[in-house]
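Let me begin by presenting the structure, written as structure tokens, before commenting on it.
Think of it as A, B, C and D in the order they're written, each chain with its own count starting at 1.
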Amino acid sequence: MNLDIALWLSQDAITNGAVYALLAIALVLVYTVTRIIFVPQGEFISFAALSLASLQAGQVPGTVYLLIAGGILVVAADSVGLPRAVALQRLPGRLIRQMALPLAAGGIAWWSASRPDDLWLQIVATLAIVTPLGPMVYRLAFQPIAHASVLVLLIVAVAVHYVLTGMGLVFFGGEGLRSNPYSSLSFNVGVLNVTAQSLLIVFASVTLMAALWFVFERTLYGKALNATAINRTGAQLIGVSPSFSGQLSFALAAFIAAISGLLIAPTTTVYYDTGFLISLKGFVGATVGGMASYPLAVVGSLLVGFLEAGSSFWWSAFKDSLVFTLIVPVLLWRSLATPHSEGDERQ
Amino acid sequence: MSRREAPALLVARDVTVAYGKVAAVCGVSFDIRLGEVVSIVGPNGAGKTTLLAGLMGLLPLRGEVERFGKGAVPPPTVEQLVRAGMGLIPERRELFATLSVEDNLRLGGFDRWRQGERDGATDLANIYALFPQLRERRHQQAATLSGGERQMLAMGRALMARPKLLLLDEPSLGLAPLVTREIFRIIDRLRTEGVSILLVEQNASAALQLADYAYVMESGSFVLEGPAAELARNERVIEAYLGLAPVEGPRKLQRETAKQQV
Amino acid sequence: MKARLPPMIAIAAIAAAPLLLSDYYIILMNYIGLASLVALGLVLLTGVAGLTSFGQAAFVGLGAYATAVVTTRYGWSPWLGLAVGMTLTATAALFLGFITLRLSDQYLPLGTIAWGISIYFAFGNLVFLGEHSGIPGIPPLSLFGWTIDTGWRLYLVIWLVVLLALLAARNLLDSRIGRAIRTLNGHARMAESFGVDTGRLKIIVFVYSALLASLAGWLYAHFLRYVSPSPFGINAGIDYLFMAVIGGSGHIWGAVAGASILTLMREWLKDILPHLLGRNGNYEIIVFGLLVVLLLHRTSSGLMPFLVRMLPGGRLLRPVAAAPLPQRPRLARGETLLAIDRVSKSFGAIGAVRELSFELKAGGIVGLIGPNGAGKSTVFNLATGLLPVTAGSIMFRGQRIERLGSREIAELGIARTFQHPNLLADRSALENAAIGAHLRGEAGLIAASLRLERAEEARLRDEAARQLERVGLGANLHDAAGSLPLGSQRILEIARALCADPLLLLLDEPAAGLRHLEKQALAALLRDLRDDGVSILLVEHDMNFLMGLADRVLVMEFGRLIADGPPHAVQSDPAVLEAYLGVAA
Amino acid sequence: MRASWVTALGLAGLLCAGGASGQEITIGVTMGTTGPGASLGINYKNAFQLMPNAIDGVPIKYVILEDGSDPTAAAKNARQLVAENHVDALMGAVSVPSTTQIALIAEETKTPLIALAPVALPPEKLGWVFIVPQPVPLMMGAVVDDLKSKSIKTVGYIGFSDSWGDLVLKALKQSADPAGIKIVDEERYARADTAVTGQIVKILIAKPDAVVVGGSGTGGALPQIALRDRGYKGPVYHNHGTINREFIKVGGAAVDGAIAPTGPLMVAEELPDSHPVKKVAVDFDQAYEKIFGAGSRNAFAGYSYDGFLLLKAAIPAALKAGKPGTPEFRQALRDALESGQAVVGVHGVYTQTKSDHIGLDGRAVVLAVVDGGAWRLLKK
């Protein structure tokens, strides 16, 4: 192996690692705020990539119908338990509030499908379809059991993953799709042939990370989320309800996943179940950071990127084995670094 | 006694709060009037904290509670109560340990900010005027504060929401006597500014000095009630809660409070 | 402890099944049996011990592949395959457990996901394991010349194994080791202070559950006669966890309930959906996922607790009297028991305990008082090894203990209660108290599974019952600890500590939440214990309670000792008054 | 509770046990239209819409069960089909492990199985198993012949890290070694991978004259795109699992010139009229595209259909020997299947005998090439 190859592989590692890092950040965000391991993240990636590809093929993607159905279910769920008169009285307001976004997204998607060459419109439509699915999923699947144990939340997360995967298959079929490249430019830097596509991925990831940093450090909404992660009871006492922070974190996570999906859509063939494995690699990255630290999650994800690039070169048959086994030395290192652990104690 | 005639802010009738499977508070009734400090005293484990948690919507509560003249079905959530003007300063303070003092305070006004009230800066200045120490430490992480400063921060954070009724759980907990006095002075001042207060305290002596009206709680029920000054003269209260009587030491010797932080 | 009736019904139903069911349902029952074995391991691991694993399918795979290789490549007996599989599995689980279980609990799921995924790829890429196409041609089992190759013969074997495993698990949970396993779920510190080696126990439970999975894998291989990597991937691991959680992860029969529900739900969806939807398609997975979500919304602790509630409970009796356990020799009054010498403890920059020194003599009741934050509980935690000292030495009966762990200190004869009752809320008072006697028994996992330790267990239970009666909870032996009033929970903590047969008893606010009469009873009990040769150090805030009880009172403020003497002298000590009032007296 | 449960179970079992009447042939199918095999499984399943509901006036029923591409579920399905539905023949499944698993059950229960994917069992264990797809060595042999004709000496291999990737590589080696063609590099990738840069760089270092891809469907496009991105100019070969229109849609210009072996079905119209398969294949293509859209033809639907054709040819003889639903019928069906009768399918001419349960020959292979956005017959 020589320097050229190392550079080639590094370029690949960084572009992939950047996407994993985004996903790892979303996983850490959702986990710290809601204690949910966000397994359905992968489906949001696939949904975004495949919705984009569908729009480019001039079709309204099935995710639009899912969004509208979800909106109706949310209205129904909000009305459960209220006296009938109250529920009926609030119904129109709720319908307007909950359905405005899905219907608007549907409208954009429909318009976009009729203009297969308008890339920006397609991107906007995709984000408008996928992002609101996040809070809907939280509202319907998790909000009613927000106080359940981490294990139960995890099992529900997996069940939701099954549901969404199944829907992905119904909407997009079993074969993979690939969307048009955003740019076919490429230029040579030394021996490297750098594509604009990979630059875009890195640039978009870094920008998004910076934006998230800004949200968490400089805006009150971000701080409220952060506060929930730090102290749930404290957050309730300042008027931040678990459902508010849960929906907000799911919206952010779905948005991040949608961006990731848009980024990978033109670089690879995306299947209805592709997102899961990608998200799993982000999960490995987040694990390196103990599911708690954003910077370490990013470092971990880049590590996954490099390990993946390296093992795909040397020992491709065992690549995934190697990537996931990475957790073991990390755990070993942590286990040796913290010789005495108390475990959790309910005090 | 005049405050007792003011309109009621909170009326609780036959309230029961369960913690896990155990009903820690059984069938208590009480009321808090506008501009009043009402104190609940009693030993550790009597159910005081549980009652506050129930009133604030943190634990499920049975019975009738009218807050600000209104009952509600289904029971309001913590967030609805915060918006309606109730605030709780819990025993454990529940600060955002890794955020700065100023962020903690600003988050206290989060709900108002979300409602479009952009006067947080004024509130912040008021809080700093009330607790000058917090201004000095405003860029420090909340975790690095001393016990007294934490209590001040917890109070400041709650005040940022401009509550009409403040529930205080053991504000003197873990504090040095001098600091405790400072805290009680501030509670008194809040009353003069029109905030009504429900004060739960083990430090019965200090609480009864400050309060207008008080309840004595034992094993989940109220066993005595009355104007605070009268209770402070009650034999049984003196013996059980005001310390070491009938001993030769000063009458106001305070007993330690129980739950500690370390 | 629960009624015997439901298991009997279940067993009868399982025995009668071959007569009632069609061939296909017999085969389905075989699948359910195999899954139940794996889920049973998870019930123990996840439901009881609180450790989550996604990697069980990988252990099933190890068991299956081991016997596949042994029987097809080498032509050896399946029984040898079982031995090889169990050995391999135990080794792998030990290694994995060793590196993950020492860490806080969230790492085990992550470690097992990694393990689950990598072993799946390893199965698929190793040439001698047949790569992704797997290993065909595995022979059927045979027993005394009886070939087990058809549905109902396998059914008998599989369900016999399942029932034996259930029986062993029930025995295990109903034993000294079982009680210790239950403490792993969030009560490790308490358990350690009664001598439970929680680190070791976690690994043991993990290996136990892995071996159950491996056993299922062995049966799987000889049932399906072909192994390939896909049934042992991470999805299968998730499925097993689904079964355990849906069944009700705290109940051993929950494993069977969960395995049945999931397997049958899938089967029925497959058959029914095409009729309902009028078209063939891949809707099973969607409906399946939705049903699981709805189920957990309804009953987040799984089906089993729900089922158990619908059944009548059995009548519970006090454990029969048994020969009392041996007691430690009591100490002579006045012997130096505990000597704390210039002990400091700081948390970061905050000194919780500073240069603290005092001695305790055997045979007394000593009160420890002081304002909040004075460091009283920290002293308890230092003396019981829950926290390491920053500086200074602690001697117990002339032996230095400040570097010992809580387990070793417990063995020396110090027992304690906790400020916030640290009890297994769902378990009976009797079981909670018996945890205290952990070090007074020695039967291990195997003896417990096989019920070889009944004599010892009877003595432990009798001791627990006796101590509960002694503290006045004789009427509450079988009440769930969490359902007792807070005051009684504190008393239960004392009974548990007494079960450890301590020389020194450390009580953290035992009287909090007690009514007047109860306090008097407690005081009488403590005096009685003192007369019995147990020395007592108690943190208390109720001065009235302490005044009549303690021989000596220590007063702490800001981590230092500021007064030490008989109660009445301390009460008028100027330094004490200053500490409480903040003014110079 | 459990008791009523088990009773309910038992009742359900008894109710289900009724099933097949004597005058209906039941074909049981297990198929994965979800999971990793979904993209193939959906196509396999589509073909059943084209199959007639009667043969020789005897009604024929297809019971199609979903197995999610999981071998254990496939085995469960096969057991159910045999025990509950009393099927006369089994068909399935989408992957080698699933098909192998049901083949074992077919052997055990003496039910003829039309295997729609290769089976990892030795021939002596295939007494009841009849295999439809062209054996991978036959297909890769055609690839190697083409390599030879182009005087290619070295090839690089990159394939799925699953049983399909294993099979293609094994078959490639089998033909390449005697032909003196060296496999200079072997790489693997997963269908869900987003990049194969590492593998491609390694292949490029080995400088092979050609590259063979062991993927399937759209998954086969990724390596070729990466190769072309990195400036590789040599020919890229695929296999018969790759050929469909989505592959071209996903691969775009990068897969222009991709060569793959396939059955005659995919390029039926271009075949010379003398080709024995042409008519059957063209008819099938037209019927299929009428339902599923222009260009929707694919090899997998063809395998299902050929499976049906094999049964169709054997059933009349079997009907003479026994009633459907009986062991005699199944035995006769198997005998008829291996009677050596030549069956013209859409993938080739099957002559299955007692010793050869595949029965395909060179007529089952053509090479196709991507040319101008469509698969065309590669002209020699």
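One rule holds for everything that comes next: a contact is a pair of C-beta atoms (placed from the backbone, for glycine too) under 8 Å apart; a residue touches a chain by one contact, two chains touch by 3 or more.
Since this is a predicted model, take the numbers as computed values, not measurements.
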Winner on C-beta contact pairs when B-C is weighed against C-D: C-D
Can you work out the whole-Å distance between the CA centroids of chain B and chain C? 38
Between chain B and chain D, what is the gap in Å from one C-alpha centre to the other? 74
How many angstrom lie between the centres of chain C and chain D, each centre taken as the mean Cα position? 51
Rounded to the nearest Å, the gap separating the Cα centres of chain A and chain C is 36
Residues of chain C that touch at least two other chains are 121, 125, 281-282, 284-285
Which chain D residues sit where two or more other chains touch them? 33-34, 38, 161, 188
If you look at chain B, which of its residues touch at least two other chains? none
What chain-chain pairs meet the touch criterion? A-B, A-C, A-D, B-C, C-D
Which bits of chain C are touching chain A when the two form their complex? 46, 52, 96, 99-100, 102-107, 109-111, 113-115, 117-118, 121-122, 125, 186-190, 198, 238, 241-242, 245-246, 249, 281-286, 288-290, 292-293, 296-297, 300-301, 420, 422
List the residues on chain B that touch chain C in their complex, please. 20-22, 24, 43-46, 147, 173-178, 180-181, 202, 218-219, 239-240, 243-244, 247-250, 252-262
Residues of chain A touching chain B in their complex? 81-82, 220, 223-224, 226-227, 230-231, 233-241, 244
Write out the stretch or stretches of chain C touching chain B in their complex. 347, 352, 369-378, 419, 425, 480, 482-487, 509, 512-515, 541-544, 571-572, 577, 580-583, 585
Could you list, by residue number, the parts of chain D that touch chain C in their complex? 1-3, 5-7, 9-10, 12-14, 16-17, 33-34, 38, 45, 64-66, 68-73, 75-77, 79-80, 83-84, 95-97, 100-101, 104, 108, 120-122, 125, 161-167, 188
